[in-house]
């Protein structure tokens, strides 16, 4: 193919070019309308560039883009959602103050979040990864309310922590591998057996887990996702979290069986899955519930990866990516749907909102014939048939309860105008995403999982998919009254504990100020100088 | 030869005596003016004697000349300094006759 | 036995130094410092460094002393004068300072054998230049770069002092150096001494090529004469915008630079002199430098401009 | 004691010109300054840049140090100037930054038409040129006393810049700066005296051949290195830096923070690797690194708590200086064939360079913001982005480098240091680098968040900023970012002309 | 055997200590400057000791350190002049010591 990889370059270059173009006021004024286009190259690349790779800068710099199957799946889904959400934003954000600022943050975040799926060398990965997480700050704190600012602060703090952990993890990888900036593949290949393996893997799991929202590093998610404008929430919860997933997929040595790490990951994942459900059940706001559902679902993904790691199964990456893709589209559609619901009056509620939303929600729980069912079916083998498989199915039951709770809460959102219906284009774009979330997984199912499509509709498969849902439904019926009486856990649950520490931190800070005050007095500083000189001289003389 | 050396010793010795006296005066005398008196007198004389004593020792005319110039300069400086101090004291006196 | 005078001198110096630091009134401190300076110049003679002795007397004691005295006169006394930090801190400081002194003393007490020196090298190369005073040779030939840079430092110091001029006075003249009341004696001195002083200064510079003495010593004497004249109120300090003044300030460095760059053509490279002309070149450079130093020292003592330009 | 032989290499004359050209300019301004200060400066600036580039090219071409023996007097009796890879790099850096600052200052320090000569322009430009010559001398000097004169030269050009505007706290800051720097100089000179007494030479190469561990050497190096620390404002000797750098005019602050504090560090580097007896003293190296660690953490936190933008940047300088001192143990512990081929060495130098560029641009940007808003209180920077968008953008880019986020020189530098620290298992240093990065990110984002926020009601910009000034700032920031594309490997160039370690 | 040079070497160490003490503890700038000059003199004498010990080849003292001292004295004088000018200016602005007020209390220093 002659233009091999050019689309990959365009995927990153095009949105960045739009940002640069914003320096021109005329374009800056109209940037919002162009927003949807930014994702197009990504989509095309996902369709036509599979298996291509291009080296932007030769060694030792070696900035490399490559699109493998896993990357292509996620890139396609992500670009689709970015495009759709961008279209949604171009309408819903129109005329709002600061729309231009929003667009710029949007484009930067998008560049990063699409980039993580296609870069093949370590430095570039770190670059796009941090671009995604840091630029997302602009989306989180966009509304400028106190709530948004707190969310932005927490998000930033944890994002930076994640950056640090990942950077150190990378450094440990690189020290194992030769050369300045190795390809991710080579670096990971060198990892097993290197003296720094355990700390490296640990750091990477924490770093990427933080981005995925694994307990206890999930606290930012329920704060950050709901406060953003609807389209932003959609991409935050749909795409950005997948940066963590792709991170784990790319940087953990999945092919090599490593039971202890694998089981640890499975445990962490399932814990997160149930934890997300339990806290989510107590939440009043629809968007917050969705955020917690994302936490829970990412737990499942982590568990899948862990399961694959335990056995060193060959297709782990692809399967995990498949599940992630399903969640990406569904969650995106759900968040957009919340926006739709808010704009829909009582009259059209059922037809326009409830039915599609119900289908989408239960798809997360693995309702037969939905993408969820396919995803769960495809990934089942990775859990074997031990206790973890059972827990995985039970987590589906949990999801059912959570999503039913969500649907219940969705009722409360309503346009005060009884007749109100959302603008047609919004409906359209929503329909596209929702539709894609059904169709795309069907299209990919066969060649990702070894199964034939027919296997997905065999009775036992259907039963395996249905019983958790029935269980969840019954549980909901039983516990619904009890749940409604449960006290609401504050958003970001354990962050509240950290809030308690704030005054302490402040006190330490002012303490340091006072220390500096003293240190900068002339006699103190010059006495310090004398003592240093003596100490240093002494060390030089006797310190050998 | 010997004579010259004896002369030098005598003169320098005298000079040193005057210096000693002057210094004692500086330390013992009650008020500024009398101290000043002691000092200037003493070291003019003392210094003069020393220079005088050294003159015959000088190898050539030029260095002898230098010695004289040095003596003159010191005279000038001492005189001026004395003048200034005296004036200053006078100023003080006029400010408060008590002192 | 032979050490007795040295020990006495050292004792005097240290006592004067302690007094300088310990005494309360700052004017006494300055006087103490001047005394230390003069005693030190004796010490330098004892260290067989007559050139340094002259410099110390002229600049270390003389010019610096004048500068500090003038500062004393212009500073208003403040309560802060007598405030010393907490005794514990003082004790700590004493300990630290003595520790450092002990370190230095220890090293002084174990001299290396044979003594480390560059004297032989210096002597070996001196013949080429036909100058008698090794110090001058080091200053203007071997280490000419240091000397050149240090002249530039002087110019910078002057600029630094001028920086502190209030904007409206820029270009004007520094505050007058006149004593409170004019004194006949001072005026007389200021009329009689300068001619002699100038002769002596020039003599020092000229003599410096072969015997102790040289640029700084001469320059300082010239500066002293000028300051004397200014203090006797026979002349006001010049306005700092004056072109002639500026030219005098940079005369030395410029001549030095020219001589240095000329080396590229007339000798083998920057700051190297053709043996035949080494002595005249160096003497010319020294003369120019001395003139500049005289002016710079004078202006440094006079301080930043304090009057609007006329 | 046989002196290490120096031989004037071809192109050596460039070194002399690099040192003398600014002096010539300075003298010219002083002599005929009346209204011509800026014009002369703008003749000298590009010239100096060309010279620096020529020297770097010569070093790269010959693959050896460029040397000039002054007056043909062989050290230790005479003085030699020498440019190795490191010096050449720093000279080019200096030239670049000074040119950018000159562009920035253009017009702001020009003489008003109604006066024959004004104080600020005359003083500013002369001191800038003096500073340049001093820096070049520091980078080129091979003789410890010559370097002492150069250091004083530097101090004398730097101090008056601090109190250019004559406000009380700036005069106070200048006096503090001067006095503390003087202690540093005296310590350095004491050390030099001891070394001379012990070895009869102050020529670095000569000392390298003879130096061995004995009390004289230890005390001398102790005094010199600590004295230089005081001049480099390493924690806890930073008392003078924040007020001085925050009080000076933006153009001056930029140079002070970017270049002037680097000179003493450069000398410490040379004393440590070129003079101190080898193999170096591990414990002492660790001690230096620990001071660096304290600088990073402590001063970053204080920077985070500052109310005024310029003070924040000043404290960040102290913190960033800390990174430089991490180099010593990292280089010594590396298993590279020679120190100059270790990744720690390259990382350290890269940190120096990228911080210089980033910090210069940050101070200039802060200056423009302050000019536009009339204040520099971080908490009401709202709307800065609408007033001076390019400056805020530059601030952000420079911030990237400080935070160590890609793509930026700071990132590569910190990555290299991190790698070196991981390889040598210096986990405390690893922790310090990571924590420092997080803290830096926090204080940069704190400012950016404010500056990007929507302007308050009744917000108006006081001054209109001419474009060329903003572009100068942006240029520096971009070059700091572009540095991020150097390969993550030891640089051969930085090793040129340096002696290998046993 | 203690020689002349050694005696003055001890004198130098003493001067250094005394100067440092004053420089560290004296609250007023002028006294600091004076102390600095003492400190400087001590340092120079140390060079002088090296020079005296290095007397050889027909020189009573090694000329190189002497030249350095002369340069050093001039530089020290320049520093003193600058410092004095600064502290006089400081007094004009109404401050007496160099202890700065904490930055928070300073007004906004828009450059």
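First chain written, first letter: the chains are A, B, C, D and E, and each begins at residue 1.
What we mean here is this: a residue touches a chain if its C-beta (ideal position, glycine included) is under 8 Å from a C-beta of that chain, and two chains touch if they have at least 3 such contacts.
As the structure is a computational prediction, the values presented were derived from the model and not from experiment.
**Q** Note down the smallest number of touching-chain steps it takes to go from chain C to chain D.
**A** Minimum number of steps from chain C to chain D: 1.
**Q** My parser should flag the chain pair with the most contacts; which pair should that be?
**A** Counting C-beta pairs in contact for each chain pair, the top pair is C-E.
**Q** By mean C-alpha coordinates, which chain is most distant from chain E?
**A** Measuring from the centre of chain E, the most distant chain centre belongs to A.
**Q** Could you say which chain's mean Cα position falls nearest to the mean Cα position of the entire protein shown?
**A** Going by the distance between chain centres and the overall C-alpha centre, it is D.
**Q** Which chain is most remote from chain B in terms of Cα centres?
**A** Of all the other chains, the one whose centre lies farthest from chain B is A.
**Q** Distance between chain A and chain C based on Cα centroids, please, to the nearest Å.
**A** 72
**Q** Centroid of chain A to centroid of chain B, CA atoms only: how many Å?
**A** The separation of the two C-alpha centroids amounts to 96 Å.
**Q** Indicate the whole-number Å distance between the mean C-alpha point of chain B and the mean C-alpha point of chain E.
**A** 33
**Q** When the centre of a chain is set as the mean of its C-alpha atoms, what distance in Å lies between chain A and chain E?
**A** 63
**Q** Considering chain B alone, which of its residues make contact with at least two other chains?
**A** none
**Q** Could you check chain A for residues that touch two or more other chains and list them?
**A** Those would be 520-523, 526-527, 530, 533-534, 537.
**Q** Identify all positions of chain D at which a residue touches two or more other chains, and write them in rising order.
**A** As it turns out, chain D has residues touching two or more other chains at 77, 145, 149, 152, 156, 159-160, 163, 166, 171, 176, 183, 190, 194, 196-197, 200, 215, 219, 223, 242.
**Q** Going by the touch rule set out above, what shape does the chain contact graph take here: line, ring, star, complete or other?
**A** Its topology fits none of the listed shapes; call it other.
**Q** Spell out all pairs of chains that touch, sorted by label.
**A** Touching chain pairs, listed by label, come out as A-C, A-D, A-E, B-C, C-D, C-E, D-E.
**Q** Which part of chain A faces chain D closely enough to touch in the complex?
**A** Residues 57, 60-61, 97-98, 101, 123, 126-127, 130, 134, 137, 141, 144, 156-157, 160-161, 163-164, 167-168, 171-172, 174-175, 180-181, 196, 509-510, 512-513, 515-516, 519-522, 525-526, 528-529, 532-541, 543-544.
**Q** Mind pulling up the chain E residues that touch chain A in the complex?
**A** For this pair, the touching residues of chain E are 20, 23-25, 98-100, 102.
**Q** Please output the residues of chain C touching chain D within their complex, sorted ascending.
**A** Interface residues on chain C, with respect to chain D: 100, 103-104, 106-107, 110-112, 115-118, 121-122, 125, 141-146, 149-150, 152-153, 155-157, 159-160, 162-167, 170-171, 241, 243, 246-247, 249-250, 253-254, 257, 260-261, 263-264, 268-273.
**Q** In the complex, go through chain B and note every residue touching chain C.
**A** 69, 73, 76-77, 79-80, 83-84, 87, 91
**Q** In the complex, go through chain D and note every residue touching chain A.
**A** Those residues of chain D that touch chain A are 176, 180, 183, 187, 213, 215, 217-219, 221-223, 225-227, 229-230, 235-239, 242, 276, 281, 283-284, 287, 298, 301-302, 304-305, 405-407, 415, 418-419, 422-423, 430, 434-435, 437-438, 441-442, 445, 449, 452-454, 485, 487-489.
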